[in-house]
Structure formats: C-alpha cells, structure tokens
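Going by the order they are written in, the chains are A, B, C and D; count residues from 1 in each one.
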Amino acid sequence: MTPALETRALVKRFGGLVVTNDVSLSIRPGARHALIGPNGAGKTTIINLLTGALTPSSGRILIGGEDITEASPFARVKKGMARTFQINQLFDDLTPLESMVLAVGERLGHGTRFWRSLASDSQAAAEAADILERFRLADVMCLPTRGLPYGKQRLLEIALAIALKPKVLLLDEPAAGVPEEDRHEVLAIVRDLPSDVTVVLIEHDMDLVFSFADRISVLAAGRLFAEGSVAEISRDPEVKAIYLGDAA
Amino acid sequence: MSPLPRQALASAFLRRKARWKPLEYGFWILALGAAFALPSQQLLLSEIAILALFAMSLDLIVGYAGILSLGHAAFFGVGAYAAGLLSLHLTAEPLTGLILSGAIAGLLGLATSYLVLRGSDLTKLMTTFGVSMLISEAANQAAWLTGGADGLSGILIDPIAGLFEFDLFGQTGYLYCLTVLFAALVIARRIVHAPFGLSLKAIKRNSRRAAMLGISPNRRIVVIYTLSAVYAGFAGALLTQTTSFVSPDVLAFHRSADVLLVLVLGGVGYLYGGVIGAVIFTVLRAWLSVVTPQYWMFWIGLVLVALVLVGRDRINPARLTAWVRTKTGRAAPSAAPLAKEEA
Amino acid sequence: MASVSRRLFMTGAALCSLLFSHAYAAETVKIGLVLPMTGPFASTGRQVEAGVKAYMALNGDTVAGKKVEVVLRDDAGTADQTRRIAQELVVKDGASMLMGFGLTPLALSVAPVLAQAKVPAIITSATTSIITQKSDYFVRTSMAGPQSAVPVATWAAKNGLKRVVTLVSDYGPGIDIEKGFTDQFKKDGGEILEAVRVPLQNPDFAPFLQRVRDTKPDAVFVFVPSGVGSIFMKQFVERGLRDAGIKLIATGDVTDDDLLNGMGDAALGVITGHFYSANHDSAENKAFVAEVRKANNNMRPNFMSVGGYDAMALAYAALKKTNGDTDGTKLVEAMKGMAWTSPRGPITIDAKTRDIVQDIYMREVKKVDGELYNVEFATFPKVRDPNTP
Amino acid sequence: MLTILFDGIAYGMLLFVLACGLAVTLGLMNFVNLAHGAFAMAGGYVTVVLMNRYGISFYWCLPAAFLFSAALGAVLEVTLYRRLYAASHLDQVLFSIGLVFMAVAGVDFFMGGQQQLISLPPELSGRFNLLGADIGRYRLFIIVLCALLTIALQTTLTRTRIGSQLRAAVDDGRVARGLGINVSVIFVLTFALGSGLAGLGGALGVELLGLDPNFPLKYLIYFMIVVTIGGTSSITGPFLAALLLGIADVAGKYYLPSLGAFIIYAVMIAFLILRPNGLFFREGGR
C-alpha cells in the first residue's frame, strides 16, 4: 500500500549545523502516528520541512506517492496536507466564522471570487457553520477571535485545518498551553478526528501520545532513533534512557 | 429545504457585515449636499474627492495586501499624463479619457506588481519608490511627449457625455469627481467583502496561516495591485480633467508621501480611511496655508508626530465610533463594523 | 436637465455679480499673490513678496481712489495647488488681478482659469518664452526667455571667446536660454563645442564640470537657477576651471544678488548678463534697495524682487489708467504698451506680446564697499525675447 | 578618468558617513528613520552658524557639528524614538516624516530658505596634479577623514567590548538582554553616534552638496539607497554600497550626462530585484 506520507533520507543543515539528519519516515493511510523526542530533537524542523516552510538540503518528501519536495506550501495544501501550529496562528480580528468560511471557500476554489459577496456563498457558509458546531465553536462564531479564551482558539486552530478536508494532518502539540479545565475538550476533538485522515502528532505529553497513537517515531539530535508500536516504544529501555528519563 | 438555524445565523451575520451602515449613507448624503451648500468651496471639495480616491487606491494595497508603498504617485501621474495626452490627441470626452487612463495606469501596475512580491517592508518601500522616480525621470526626459518640466498645457475638456460643462466655480468638476469616487468605492467595497478580499486580509494578517489554508498569495497581490493602480490612474485623470493641466509634479515624491499620510490620518484597511484622511488633510492644509503660508509644513509635521505618539488607533475615526458604541453598550460584533487593525 | 440650466444660471449670476460689484461698488481692489513660500523655491517667494511690499511701502496702498489689498497664498511650488488657489482667489476672494507664479508650470496651470475668469495675471518670476502666448491675460514683468542670454553671446563673440561649452539646467527656461545663446553665438561666428544639461535637482556639479574642463573651451556659458548657482560657483573654482583658463560667462541667475556676497572671492570677475543688479545706479533703485533692506532684515533684493516690485507698479499704473475700473479685459488693455522707469532701468510692456522689453546689462562681479556686487559695464538697450518675433 | 574615479570615491565616502547611522538604526533598532537627514542638516547649520557668525575655524566646526547632532540624537532617542521601536514600520515612517517636516519648516523659520555657504580654509581649496589625475584638496581631505572614521568604526565594532555588545544586540535583542547587556544604554549611544556621524557628514557636505532647509528630503533618497543596497547587518555593506553609488553617480553624469538621474534609480531597482534583501544579506539577520 502506498504510504500517505513518506520522507526519504531527509537532511536539513543550517550552516554547519545538521538539524535533520537522514530521516526516513513512512506513514500508512489512516494512521495515528506520533513523533516524539526531547527538546531540540528537531521535531518542529521536520514539520516545517513537510509543510514547505523550509526547503530540505537533500532528501525527498512524498504525499500519497507523489513527490512534493519542490512544491510551495500552498500547493502542498492542495495536495491534501494540513497542519496546526504549536503557537496559534489565527486571524485575530476576523471572527471564527469568517476564518472558517475563508478556509472552506479556499478548498472549494471560491477564494478568487472577487465580485460575489461572502454571504452569497451559502455552500461555504453552511459547511463552515457545520464544522464550527462540531468543534463546539458555534456560540462564539460571531465574536472577534482575539477575544476568545485560549482553549477555544486552540479548537479553532484545529478546526481550520480540518476544514481543508486533508489527507494528512500534522498536529503540532495540540494541547500546548491549554488550561487544565479546557484540556479534555481539545483532547476529545483530537480523539474524534475522522478515521480516514492520517494524523501525525508532535507531542511532549506522554499520556496523550500513549492514549492516542498507534505508532511512534522517536527523534533524537535530528536522527530517527527508534520506531515501533506504542507497546514496543514504551518498553524500549534505550528510549526510556534517552528520552523518558530526560523528560521526567 | 430550510437550512439549519446555525447556518441561517451564519449567513445572516455575513450579510450584516457587508451591509451599508447608516454612517455611510450619512457621509454620502453630506458629500452630495456639499455640492450645493458650499458653492464657494467646490474646488477644495474636488481636491478632496481626488485625494480621497487616490488614498483609497493606496488603502487597497497597504490596508488589504500589506505592501508599504512610497511610490504610489507613479500610477497617479501616469493616469494624469494619459488623460492629458488623450484629450490632446484622441478625444476630449472626459469619460472615455478617464477609463483609458485608468487602464493605462493599470497596465503599469500589472507590470510592476511582480517587483513587490518579494523582500521586506523596506525593500518594497524602496522598489515602489524607485519605480516612481524612474517614471518621473522618464516623463521629464520625454519632453516631446510630456512637455518636460513645463508640463502639458492647452488641454481642453469637452462637457461630460456632451451634457455637463466644467464651470469656473468647479461645481460640475466636484460632482464628476464625487461620482467617480462613489462608483470606485462601491466596487472596492464589493471586492473587499467578497472571498477574494477576505483572503487578502488573511494574507496580510497572518501569511503563514494563509499559506497553510492553501492560499497562494502572489496572484492575488498582483490583482489587487493592478486594481489599485487603476484607481490611482483614475484619480490622476480626474486631476487633469478638472484642472486642464498636467505638471510634472503629479509624479513627485511628495505626492507619494502625502497620500500615505492622508491614508494613515484616516485609518488603514477599511476603505473610508482614505476619504476621511483626505478631508482632514486638505482642510487642515488649506487652513494652515492661509494662516501661516510659510510654515504650514511644521504644523502638519507636528500633527503627524503627535498622531503616532498618541497612537493612531486611538484617533482612528473608525476606532472612535466603535469605541463610542461599545461604551454605549451595544454588542461587540456589530459595534465594530468598520474597524480593522493593520499589523 | 433642469439642474444643469439652474446651475448655469447660478454660475452666470454669480459671475456677473462678481464682476460688476467689483467694478462699480467695491472700494477695495484685491490682488491675489500666488507664490511658492515653502518647498525648494521658497526663496523666490520671499523675494517677490519683499518686492511687492516695498512698492506698497513707497507708493501707498491707494490708487485711483481704491484701496489695494494683496492676498498672499502659498502654492508650495505645486501646479495643481497654484491652479486651485488662483481659481479660489478669483471666485471666493474676488481678486481682480493675479500676480506671482514662481515657475513656468505653475504659471501655465492658471491659463485655463484666466480664460474663463478674464482676470489679468502678472508673471513676476517664471521666464519660459511660451507663457505669454498661452493666455491673452498673461503680462510679464520678470524676464522673457533668453533675453539675458543673447547679449552675453554677442559680448562673448566680440571679446574673443570663440569656443564655448554651454551648461544649463535641464528644464524649460534652461533649454530656452541654451537655444537663445547658441543661435546668437553661432550667428556671431562662435562655435559651441558641447551642450551639457544638468538635472534640476542636482547635488553635485563636479562630474559635469570635469567634462567641461576636459573639452578645453575658451569659456563656459552657464544658466542654473539662483539657489544652486552658488554651489556651482564654488565647484567651478574648486575644480580648477579658472586656473585652466576657462572663462565663466553666465546669466545673472548664477550671481544672484541675494547670495552673491556669501559666495566669497571665488565669484570675483565673473561676467554675467542680466536685467537687474542691486548695484544699478539710479534714484529709483536706491530707494527700492533701501526699502527692501529696511523691511527684511537687511536682505539684498534680487531680480525676483524687482519683478514683484514692477508687477505692483504695473498694476497701479493700469488701475490709474482705467480710473479704478477692475474689468479684467480693460486692465490688460491698459497694461499693453505701458512704459516706465523701474529700479532696473527703463522698461516697456510690449503691446502685442504683453511681454517685457528691457535693457540688459553686462556686469562683472567686483567688490564695492567690502561687499560683492554685479557691477554694470555695458548696456544692450531694449532687448526683446528673441524666441517671439 | 582617474579624476572621475577619485571624485566618485570622495562622494561615496561622504555618503557613507552620512548614511551609516541610518544603517545602524535600521539594523539595531529595526527603525525606519526617514528623519536621518535632519541630523545631517543640523550638523551643516551648526557649521554655517559657527563659521559665518562667530568666525570659528572650519576644523573646530567639524567636532562641534558631530557633538551637536549626537546630543540632539540622544535627546530625541530618549524622549521620542524610544517609544516607537516596537511600533509598526508604517508608524515609524509617519513619525519620522513628521519630524522631517518640522525640521524643514523650523530651519526655514530661523535660518531662511536660501542656500548656505561657507568659505573653506585656503589649504583645503584648490587642487593639485598627481600621476595625471587632478586631485581636489578638499575631496582628498574628505576621503582621508572618512577612511579614518570607517577604520575607527570598524575597529570599535570588532575589537571593543561595547562593539561586541552592540553586535550582540543587533543579532538578537532578547538574547543580549538575557546576557545582562543594558540594551537601552547601547541604543542611546548608537543612536547618538549615528546622528553625530550624520551631523559630521552634513558639515563636510556643505561645500559639496549645498545646504538649505530641504536638505533632509533631497538626500533622503541617497541614504535609503545606500542602506537598502548595502543591507544593515554590517557596516561593510553600506560602505561598499555608498562607494558604488558615488562612483556610479559621478561616472554616469560624466559619461552620459543626458541620462541624469536615471542611472542610480535603475541600478537600485536592478539590485532590489536581484537581491531583495540587500547586497550583503545574511540569513536570519534583520
């Protein structure tokens, strides 16, 4: 079966510093794949390479078997890649509804319409309202985003990615910074993501990783250190030594 | 098929946001009324309308596409020269001249838009500036076409559509400028309230996220930059047609700087900023240059410095009305109909 | 349609009331003075204003039973401002005459206003030849195109300067002057080695001067606007053109009286041709210079100033002739052919072209009582603009 | 030919002294200071007033111009500029244009609108011939002085403690603060230094560039070109850019006088298209 997402010998250097060193990943469709590693292991760099924010020094990236190494970030989105950011990247002065209509409209190819009003795009509006409802954002959808509580903003962050109907979704620490009382809401959403979406989770929180993922890759110092099922990784003494030990 | 209540609510909200506000109606009624209530001020009013259109065109790129330009006069000037040359060599009918001049300025905008896609704020500032200086120099050198440093004179403008003649008091001129301004605003308003306009805002506010929504910024910036150039060309053409003269300073640096100031005075990113700024700036300058002909520049400078130090947002008229309304207890979303912050 | 005719009626009515009220009722005659008081040409505005004020101080503010009021407006050297201000002065302030206009495009921009409003405009500074042809209501008291350049050409050819490089600022007046000089000089048997044009906004003359130097002419003929003239002078000497035996001949703009004294001894010996020197020996000029110095912090009047002074003189004379009638067409008619003795010497307003005919003096920069002056040593009487037949 | 090169270098050196302060404010504070030319103008007018009204020697006027502009810069930094480091570029542009307007009108009010002139000491005027090239004494003086200044600047930046602190602050203000460097003191000192250099440049430039109230607007363009082409990450970039601009401008005027100002704008746009982040851009630098 063609992997949903694949990297082949990915390398990224900044000057003399090698931050991603020969990383080859293969993620099957529908997987719940976690990418873990101590601080500075190069997790965020990998995400940035995957989404096209950075260009790799060498190696290839494939989505559904198609080479996207040279594609621009927005072209990758069109191929089915979506991501959330570790720190919210929202449109502060738009309402969640507007942000969502924008995302849905872009997917539908309505983004270049410059004569028909936003409101007349009933398809996008309906779908946007629908997703917002699912993400428990319907009651705040007409308020400016900047005023929303952090937990709600975090939900919107994920909802915007989901609105693109991605094949591969990269979640960069989805629960980071969410206050304890809102946490379960975010986690429930993450757990309930549609099963046909391939999810790559970058996470620090081991409880979340173990409860969510079916497969785990461990990064250390830019290299792929270990890969296996949850059970294998949690038993691996070396992983414990270099990672779990450090993290504790 | 009755939609779910959520969806109906969503559509209703979007419609409300794009709807004309009472303040807007009020503004246009006042502007039209001024044509009859202030017979001795028609020239100043025309100047305001032209400057407002010019500033609005700048708002399209500064406020919506996030490109800081210090050379917008290039398009204004090209529009002005085009209108002058068209009336001398092709047709003196103003509407035809206006549309063609806008198109010519738009072509220049299209050609130069590729230069502002890359680089930092400063790079864009300097590129736009460089382009406008080149054009200004070209106009100066091509004296056989443009009259060089003496400008284009001897321009005669026919009555508009063969009916309305330009009079000495400038009333026709003002009504003409006002109509063009209004039409331009209606079109711009539609565009910024359409998905295209929303995506521009998204690119400007957060380009990383915009890219991750699959928005490719470059083509859209090219489109809005071109449109902005067309508008600036219109403004330039209006100046030529109402004054029957083109001087080389339509391309001068100070015009680019002035229009940026005007836009900022009125507030960036909600279309009316340029209009309000034009009113404030022109009235202030007209008043100061009568009170103190030699030193009005000092006071304009002082206003600018104070404006920035106090914080533009706090003075921004749109902000103010929004603020007043929140204070009077109306709900937040409807209370900030026009206010948009730029980064 | 109704509104159109109503508007036309209103316009007509207002125009009539304006013209008639000022012709028969008003005791005050307003003169709109439009000058660049800010921006790069502010010094022009300052000088012309000084000249206008000096005339009123010396001749009182009433003529033909009317009180004359000057309304000063700044156009910052921007043509669309000039045009709006001029139009407003006519329709709002009821000015019966306009005056000023620092640069050619500024003057040209008001031509359409004059055509509609039928109000005379006296040019106090702009010099391009074509101006007075652009409206029948333009009258000029400054200088017409290459008036001052032609006598310089004749003088140079007579005094053994046969091979000359011209160097002018690249704008209307500069090109006029270049042409005027070149035509006359060739007619008198001279040879132009090269014609250099420098940008108007030019920081550094060095490369242009180097080019002139490398051409090794007998002399270089120069026209640059007065402000940059002083920089030019310094660089001319610094570049060693004088030591290389290249003579500097110029129009009087370069040795502007306003700045001459600050140029230092570098300017000594420069030969220029122009219509006015503050050193001109006449009773009229002595009174004028004394008045300007008194009122303006000891500022020395220059040729701009005398342009303003004579514009007022012309306005007064025209009002006297029409007995205070401020009808624009009558005023222009009155101005045509007017002749009087100005601080600069005898001048006439040509009846056909409405342009000035005046004596051009050849001068040399010399020290007089410790200050540098343009000292006149030859006179070319009654010079006309060679560009208009 | 050699003379043209020599003149171009002198012109470029002068531009560098005038503009390097702008590069520093842009690089260090990320502040677009369009009012930079006003400090240069202040230095120029100090020189003119001291020389013409009080008869003070030109050589003493140069340090005086430096000190006056530096003090002016320091005062404005502490009272005004400091508040706007975090503001958007648009705000900074507006604020500094406002300052320019005030400076232009203010100087016009106190000094009048005419060109200001000074008389150089006799040993600096005139020229001599060296290896077939005509060398203007004053231009030579400018080259020597500016070269010394550049060397001094470069040494200060690379060899001294304050220099390394400054470079640290340019690289990353937050980190520098974390390392216990007093960033706001560094800011005042560099701003004052930049303004002072501009003042000195203004004083040197009276003779070559002229001086009138519109000076800050007339030369702003040149300063901006130097900075945009040269980048702001080092002083070598602006230095080379200034030399390039000086030589290109002088040579362009000599060989192709009819094209005039075309050349420098075209060169600038070409550079911006090829290297949108400046000639000597470093990845990660601001």
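Throughout what follows, contacts are C-beta pairs under 8 Å (C-beta built on N, C-alpha and C of every residue); 3 or more make two chains touch, one makes a residue touch a chain.
What you see is a predicted model, and the numbers here were worked out from it, not measured in a lab.
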| item | value |
| --- | --- |
| Each chain counted as touching chain B and chain C at once | D |
| Result of counting contacting C-beta pairs for B-D and C-D, higher pair | B-D |
| Interchain centroid distance [CA atoms averaged], chain C/chain D, Å | 37 |
| Chain B and chain D: spacing of chain centres that average the CA atoms, whole Å | 34 |
| Rounded Å distance, chain A centre to chain B centre (Cα mean) | 40 |
| Length of the line joining the C-alpha centres of chain A and chain D, rounded to whole Å | 48 |
| Two or more partner chains touched - positions in chain A | none |
| Touching two or more other chains - residue numbers and ranges from chain D | 105, 108, 258, 260-261 |
| Shared interface positions of chain B, touching two or more other chains | 254, 294-297 |
| In the complex with chain B, residue positions of chain D that touch it | 26, 32, 80, 83-84, 87-95, 97-106, 108-109, 217, 221, 224-225, 227-228, 258, 260-262, 265-266, 268-269, 272-273, 276-278 |
| Touching residues (chain side chain B, partner chain A) in the complex | 3-4, 6-7, 9-11, 13-15, 17-18, 190-191, 193-199, 201-202, 205-206, 208-209, 211-217, 219-220, 223, 332-333, 336, 340-341 |
| Touch list for chain B against partner chain D, complex | 62, 68, 70, 115, 118-123, 125-127, 129-131, 133-134, 137-138, 141, 253-254, 257, 260-261, 264, 268, 294-305, 307-309, 312, 342-343 |
| Contact footprint of chain C on chain D as seen in their complex | 3-4, 7, 11, 52, 105, 108, 112-117, 119, 125-127, 134, 136, 138, 207-210, 212-214, 218-219, 222, 249-254, 257-258, 260-261 |
| Touching residues on chain C, where the partner in the complex is chain D | 38-40, 42-43, 46, 170, 196-199, 201, 203-204, 206-208, 210-211, 227-228, 230-231, 234-235, 237-240, 243, 258-259, 262-264 |
